[in-house]
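Next come two complexes built around chain A: one with chain B, the other with chain C.
The block that comes next holds the complex of A and B.
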């Protein structure tokens, strides 16, 4: 009887708690980060279009005499109302909203993250917001 | 239903199925057609390139949107 109880105690010592190496919210966080990057890539391609137009207008203002960047932008917005409002107004606003939503989602899933780690996860979204705001400012000018 | 037509690699979407390759080839064919069309109406090489790059960016943007909607997440 004494031997049995000792064996039992030995066995109890060997038994360990089951370990959950990855928590569910960590999986969700990794998923949100990956999806956010995929979205950002698509957004980048769409943002390149207004950025390209801005670049060509800057070149035009440099090489064409008696023209300025502002006047070129104003000429574009008056001649191409629909195209310019899509690329310079609607798209940047959509991307700002998408990026904010993504940052918010990552912030809540990571639960009080350290600023450096959090910035590493969302730097692409922040850059996207900055470029979108730049395009909006240029359009409003 | 989750489609696996493309896989993201950096800033590009690579086709991983027949449907994906058909979309890519259609995009390339349309880009070539656009280039020939613009070139026939333009007055100089820079005129062709400036107009073609704009159209090409739109084609790439539409392609990336289609690829994003029909691809699995890069995490999986």
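The block that comes next holds the complex of A and C.
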């Protein structure tokens, strides 16, 4: 037999629920948490690789006669198709996605913080997105 | 001490975070236990909740929600992640540096025994929880917060970061689904 809505709601409220009386492990966990460090798997230093390559190409265009930065990039992308697409296309896209996910996570976990505090917390992610976009623009052009 | 004063103290001295444990660890542990019905999953999820709170508390500011609501929000997110991934929670205790592992495990085992006894005493609750867990997560969280935790509409909307109108429609649909199944499990 199907109970009516009101009765069912009352039953749900009235049913006795398990309660937590004492937790002996609580204090030790509190100490350990305050000393805990989070190990982040992704490091924005990975972006240094394409930035380093770009820098060497800039240097090459400055010191090598009859070369330009654009021609050096074109030379690299035609000779090293796989490597260049990994460092100039796939890696920046992955970092953009990770950064957006991270910004969303920080906003949620920080309890919808005020804009100034939020910007302080996510400035590295914003920087990473800008770097990644720069690398993508250079590659596409 | 007000929540605001406590927050400022924690921000200037992270060791004061243990005060937050004293105030909210038990209620959050109880909430997660009433959602999972399993001590080990609860211990992992609650520890992860407080670890994340510790990590992000420096960004936390009073912008409409209290610390308690914020902790419920993180805990809800962690429980939902656990349910969606359908696998054991990442063992946070292995990542934390505990002063005395043996003593900690002893305490944990004692707490597990207490908790299991408490769960067994509430067999009617376990019957309904089993059915609630078969519903989609969006209904599980609203039913749990409303009927198991006794939270009001405003609090639940803040915890879930949704509008009260959306919450009411989720509650009504979720409850209807559960009620239809109620006849089958003799509740």
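Remarks
As a working rule, the second predicted complex is superposed on the first by the 97 of 141 C-alpha atoms of A that agree within 3 Å, B and C clash if a C-alpha of one lies under 4 Å from a C-alpha of the other, contacts with A are read in each partner's own complex, and residues count from 1 in each chain.
Everything below uses one rule, namely that contacts are C-beta pairs under 8 Å (C-beta built on N, C-alpha and C of every residue); 3 or more make two chains touch, one makes a residue touch a chain.
Just so it is clear, the model here is predicted, and its values are computed rather than measured.
Contact with chain B, but none with chain C, is seen for A:56 once the two complexes are overlaid on the shared chain. By the touch criterion defined above, A:30 lies against chain B and chain C together after alignment on the C-alpha atoms of chain A. Looking at the shared chain after the overlay, A:12 reaches chain C, while chain B stays out of its contact range.
Touched residues of chain A, counted separately for chain B and chain C, are more numerous for C. After overlaying the two complexes on the shared chain, residue contacts for A:46 are found with chain B alone; chain C is out of touch.
Within chain A, the residues touching chain B in one complex and chain C in the other are 30-31, 33-35, 38-39. Across the complex, chain A meets chain C through its residues 1-3, 5, 8-9, 11-13, 15-36, 38-39, 106, 108-114, 117-118, 120-121. Residues 8, 10-11, 13, 50, 53-54, 57-58, 60-61, 64-65, 68, 71, 73-75 of chain B are the ones touching chain A in the complex. Those residues of chain C whose C-beta lies close enough to touch chain A in the complex are 14-15, 17-18, 21-22, 25-27, 29-30, 33-34, 43, 47, 50-56, 58-61, 63-65, 69-70, 73-74, 77, 95-100, 103-104, 107-108, 110-111, 114-115, 118-119, 121-122, 124-125, 128, 143, 147-148, 150, 161, 175-176, 178-180, 182-183, 187. Against chain B, the residues of chain A that register as touching in their complex are 30-31, 33-35, 37-39, 41-42, 44-46, 48-49, 52-53, 56.
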